[in-house]
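Across the two complexes that follow, chain A remains constant while its partner is chain B and subsequently chain C.
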Partner chain A sequence: MFKITNRLKNIAKILMIIGFVSICFSIFNSTQNQYTDLEIHENLIEIVNKDFSSIYNNLNVDSIYPAKDTADIFSKQAGRTDLRYMAASKLKLDTSILNAIIDTAESSMHFHLKNKEIKSISSLYELEKKLRKFYHTKLSKPWTSLLFNNYFFLGISIFAVFFIALQYVSEAAWSIVIKRIPEAVLSFLPYTGIMMLVIAVAGALHWHHIYHWMAEGVIDQTYSIGVYKPYDKIIDGKSAFLDVTFFLIRSLIYVVGWIYFARKLKSLSLTEDLNGGINYYNKSIKTSAWFIVFFAVTSSVASWDWIMSIDSHWFSTIFGWFIFAEWAAIGFTTILLITLYLKSQGYLKYVNNSHIHDLGKWVFAFSLVWTYTWFCQYMLIWYSNIPEEVAYYTARLEVDNYRFLFWFSMLISFILPLILLMSAPSKTNHKRLIFVSIVILIGHWLNSYLLVAPGSLNTHGNIGWTEIATGLGFVGAFIYIVFQSLSKVPLETKNHPYLDESKNLHSYPHEDSH
Partner chain B sequence: MSKSTVYGIYDDEEVLLTSVKEIRKNDIDIKEVYTPFPVHGLDKVLGLKDTRMGITAFIYGCIGVTLGASMIYYIMHIDWPMNIGGKPNVTSGSYFYHNLPAYIPILFECTVMCAAHLMSITYFIRCGLYPGSQSKSPDPRTTDDKFLIEIDVESDKKKIIDLLNKTGASEINEKNNSDE
Partner chain C sequence: MQKEAEIRDPLIIGNKTYHDITVDVARPVEGKANKQWWILFALSFSMFLWLVLAIAYTIGVGIGSWGLNKTVGWAWDITNFVWWIGIGHAGTLISAVLLLFRQKWRMSINRSAEAMTIFGVAQAALFPLIHMGRPWLMYYVFPIPNQFGSLWVNFNSPLLWDVFAISTYFSVSVVFWYIGLIPDFAMIRDRMSSKIAPMKKKLYTLMSFGWSGRAKHWQRFEEVSLVLAGLATPLVFSVHSIVSMDFATSVIPGWHTTIFPPYFVLGALFSGFAMVETLLIIMRKVLHLEAYITIKHIEYMNVIILLTGSLVGCAYITELFMAWYSGVEFEQYAFLNRATGPYWWAYASMMSCNVLIPQLYWINSIRTSFIATFILSIFVNIGMWFERFVIIVTSLHRDYLPSSWTMFSPSFIDIAIFLGTIGFFFTLFLLYSRTFPVIAQAELKTILKTSGSEYKKKLNKNNE
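Let's turn to the complex of A and B:
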């Protein structure tokens, strides 16, 4: 029987508090001095009308907007607008006037633009665009860090379910002695699943702007704020699938379905321990087979919904596999790490080098599978060089914030396991395995950041305190919940038909060191 | 050359494994074991040395990747530079590494091809499996459902036969080498 040590419990609690406080603080911070698109527009009208009405001189409104059209647009405004302002929106303005407008706006609206950005502004329309981006980014930043961390840990916990199901349908015996570990990891699934739903609902309520396709007016041709029309033809083409209600229903189906299968597999395994008999094993195989069918579809579609739709214009047919490979890599790594931790604490006496070697092989193999899908996606897009596809990589490779992280995360989650885990003895070397596992987890963590941030924060994302603290919070919660759940049931399984075979596993080709 | 050879035939691989362990414990050299399929852990209980196939695989892979790289370099950069879809353009003097993403699948395939084929050939040579070679198995039933332990007898034949009987051999055959 495993007992969580007080020290570990306290560390987990402290991490959870750090994460919780920092995410609450940054969400609160992001909502201060926050303006919607319409409010930005109205405030600018007010500022320009009050102090800078000189720019309207010599402005022939009719010549820019023929009377009929302007009246048409005017009648459809949701909020207050101004015909003169609209006409002047796209006018090229003097830098001195523009800078004065920006200064006045800055003092009342509390935004901060970089000098480089200010230099690139030449009209009121562009200023408005920059401000919209600024406020969207500000609002989305804490949610982005919540989303990618949650996605990362959701992957680990859902993969534990897949791992168990895989062992059942392939009638594998080696993993029975470590079966309690994935069963404990999956107990984190409800928390991450519900958090994912919270993020999805928050998106639908416009609490953040991570999902651009949820924004107001992107599929409404008549919607406009001033001369700005958010209508987007490509997103409109996808609107049958990227529909808010449908999206929420789908998200609910994935999360509820996954939790259902997770609980069922776990309870079957626990009742098997109590009662024995082949009956539970056969039932588990059946449940696992259904889960794998369900997961094959939902893991792919969930990754499109939650991650791929952030870059709304872009699509990649291998994306679902790519995400699955990532989940597999981090899932196996986590199971291995927990096994090594328990082993170092003197538990799991039946786990020998062969089991560790097998887990090491999985980590090694799925690091390569991940790289394979990564490269498939990269190479095909690089080679065909179609603008709508390449935009995904230019957003990552042509931006200073992301370029280094992009190559770095790819290299450390590929080259390092490739070199350090290639030989068989290295896959049983506990110190090396722990080092490589931690590096792989960091690499994939950075990579999941890059899946989300360039789409939701444009060029403004960077790994800062919020991201790291949120990550630490998730680590704390994960340790707390998983190890609590490990403490509740005996670590050793009983009555599994393949238990003896697993205890006597000797597939490791070299001499056992113990 | 030893006087005679003893063949112990077994029906089950688990029995075979324990008997191999038992025989080796009694300081008797096993010449060879014939099985219809690979038996897990047999190499370990037989005390065989680690295979060096992994090292050859690495060397053959290196040969493959070098071969592939030089082939691509010769074809694409020296002999007949081509402009393919405006990729980093070989005709206007771009370097090998500019085009590396496009070359990786080729390098990968060359590596796999050389490693796989050369390893197979190495395996055949080491096992003496050339076209027309005769089977070395003393009993054709080892290709069906029997497991066979082959022991060269130096002196104490009775002890070996007793041991084989004790460990559960279903059948024991002898061959006298001095007759031939």
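Let's turn to the complex of A and C:
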């Protein structure tokens, strides 16, 4: 039996507290001085009408909005508006007046725009647009941090289920001695699954603005705030799929389905320990096959839902498989890391260099498979250079905040494992494996950030304290839950028909080199 | 010694000894060909002669002898090319990837799968060659020095990447195949009498590179096999990925889609395994190899076919969905036209042969039946040909300009060349089956005592 050390437990707890406090603090912070699109509009009307009504001089409102149309105009408005303000919205204003408006607004609404941004504003319409972006970003920032961290750990925990299923359907024996590790990792799945649902529901309630297609008026042609019409024809074309209710139902199906299979596979394995017999093994194969069918479909669609739809216009057919490759890479790496940790604590006496070598090969292989799918997507989009597709990469490569991370995360998730894990002995060198594994995880963590942030925060995202602290919180929770679950059942399986074969695995030829 | 779980099915059936394996594998090489072989050979060879005539006609008259037109400038030629390359794929997976995965069942089938790869790639290579019109100038596809003329290849073109990918693939496959053959050639050499067949003996002596079976030789043999497997594994991905880029780098609706590379790779494995099954199910009967190519081998391959077929199905649906989701009118029409346009029957054949029919493998009795597998493997072969036809012709025949919309119909020469390559392929394969050890007997012997049915029984008894 494995026993979690107090030190590890305390570290996990501290990390959890750090994560929890930071995320609560930043969500609280983001809701302070927060304004909706409509409130921004109304506040600006108030400010302009009060102090800057001079801009309405020489404005012939009646010719722009004839009296007979006003009823129609007002009926389409989301809230209160002002015809004079609307007529002046797109006028090019004097910089001095505009700056004065911005200053007044800034002091009452507590926003902060960079000088560069202020310079690019020339009308009230553009000011509103900038402010909408500003408040959306402010609101979404902590949720973005939560989403990408959760996505990362959700991937690790759901991949553990896939790992077990894969072993059954391929009649693999080597992994039986480490089988309890993925069985423990999958116990984190309910937490990440529920967190994902929370994020989805929060989106539906407009607590954040990560999924732009959920925003009000995006698929409503008649909706407007002043002269601003949020209607988006492309998103409207997708609205049969990108529908909030349908999205929530789908998310629920994935999460519930995955948790069902995870629990079923785990309980089959545990009852096999108690009762023995070939029956549980056969049942596990069947369950695994059904899980793989379910997962093949849901993992792709889930990645479109939760990640791809953040960049609402963009689409890529490989995306689901790219996400799967990422989950596999981090999933294998985590299983390897836990194996090495347990080994270093003196557990897992049947695990020898051959098992470690096999795990090392999987980590190596899936780092490359991930790179392969990454490259397929990048290269084909770059080569064809079609505007609607390439926008996804320009949003990452032409923004200073992301450009470095983009290449850096790709390089350390690919080049480093390629070089450091190429030779056979390196895949059994524990120190090197730990180093490479941690680097791979960091690389994919950064990549996960880049899947989400440019879409949800536009150019304003950056990895700061919130992102890192949330990540640490997840690490803490992961350690706490997984190791707790590991200590509840015996580390060695019993009665698995391939157990003996697994214990006697001697495929690695250089047994005594370390 | 390696331990094997009791519940694993045996991979060698019957009370075989090491010597029995030797005799069984050497028999087709040493004995005379039977009637069935001659019938098949006569048929294939006459189809091959037909191919020669059709190619001669094409080169004499020009590409105009094919059914191509100004809108559909690529049709059966590239369809056949991709189909053959795809068939070649399973060989590399079986020899390289399954070696890395320590799958013992590969040992009875890898030799023939690799042979199939090489013969398949040879058929594929014919198509770009004859499409050039003047194949004697083919060296211009390589980046040759300027002294040959100032023509320089276009490094931006995926067609050039294809040249590199396929020639690398072909050479690595040949080397891999040959290295594996050395101990088996030596076995035939040792059995051959220099008095009865002096020429044959000399030939096999030459081909076995002085193999002696010493420990040192074996150690190097295994080392080089692993290295080659490591080199060949990325090739499993690269070759068909690059073939897919011939289409996917373009801006043609239905071609430009990012899932193409992995989806082509899976499709290739799918069709490759189907062809391996077609060949092996015949071969095990004609050459009496029932003890080595068992229903378990077939079942494993069927599982891979079921997996890859379903994933290809996922890719079809993904493409269809994304075409709608993208909101791009042209993309949407390309897929609507595929499914419901004038070539709907090609799309329907592709969907049913590749996605629906392989689902029958969920049924245990079909998965473990030679006859059912043989029939299904033919369906997959047909379906994968249609897949390429659908991708290529239906995307081209209705392009951006409705006034140039047209249909494609193959000419007599198109059909002759395609059927001819099948003849050529089988001619090569039949010759191979009479002169080469068709099972990697040296490797197979290493698992006799763990996976032979009689040995397994004895071991299980001892354990009890």
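By definition in this document, the second predicted complex is superposed on the first by the 500 of 514 C-alpha atoms of A that agree within 3 Å, B and C clash if a C-alpha of one lies under 4 Å from a C-alpha of the other, contacts with A are read in each partner's own complex, and residues count from 1 in each chain.
One rule holds in what follows: contacts are C-beta pairs under 8 Å (C-beta built on N, C-alpha and C of every residue); 3 or more make two chains touch, one makes a residue touch a chain.
Keep in mind that this is a model prediction, so the values were computed, not measured.
Undergrad: Looking at the combined model built on chain A, do chain B and chain C fit side by side or clash?
TA: clash
Undergrad: Does chain A have more residues touched by chain B or by chain C?
TA: Between chain B and chain C, the winner on chain A residue contacts is C.
Undergrad: So in the superposed three-chain picture, is A:Val297 touching just chain B, just chain C, both, or none of them (first/second/both/neither)?
TA: second
Undergrad: Please work out whether A:Gly237 is in contact with chain B alone, chain C alone, both, or neither, and reply first, second, both or neither.
TA: It touches chain C, and chain B stays clear.
Undergrad: Between chain B and chain C, whom does A:His506 touch in the aligned arrangement: first, second, both, or neither?
TA: In the superposed model, A:His506 contacts both chain B and chain C.
Undergrad: For A:Tyr383, is the partner it touches chain B (first), chain C (second), both, or none of the two (neither)?
TA: both
Undergrad: Among 63-71, 171-179, 243-251 or 279-287, indicate the stretch of chain C whose C-alpha atoms run into chain B.
TA: The segment of chain C occupying space taken by chain B is 171-179.
Undergrad: Starting from the residues of chain A touching chain B, keep only those that also touch chain C in the other complex, and list them.
TA: 379, 383-384, 506-507
Undergrad: Could you pull out which chain A residues touch chain B in their complex?
TA: Listed in rising order, the residues are 375, 378-379, 382-385, 423, 506-507, 509-511.
Undergrad: Within the complex, which stretch of chain A touches chain C?
TA: Those residues of chain A that touch chain C are 169, 171, 173, 233-234, 237-238, 241, 278, 281, 293, 296-297, 300, 304, 313, 315-321, 361, 368, 372-373, 376-377, 379-381, 383-384, 386, 388, 497-498, 500-501, 504, 506-507.
Undergrad: Okay, in this complex, where on chain C does chain A touch?
TA: That would be residues 2-8, 100, 102, 234, 237, 241, 245, 248-251, 256-262, 303, 310-311, 314-315, 318-319, 322, 325-328 of chain C.
Undergrad: In the complex of these two chains, what residues of chain B are touching chain A?
TA: Going through chain B, the ones touching chain A are 40-41, 43-44, 50, 54, 85-87, 101-102, 104-105.
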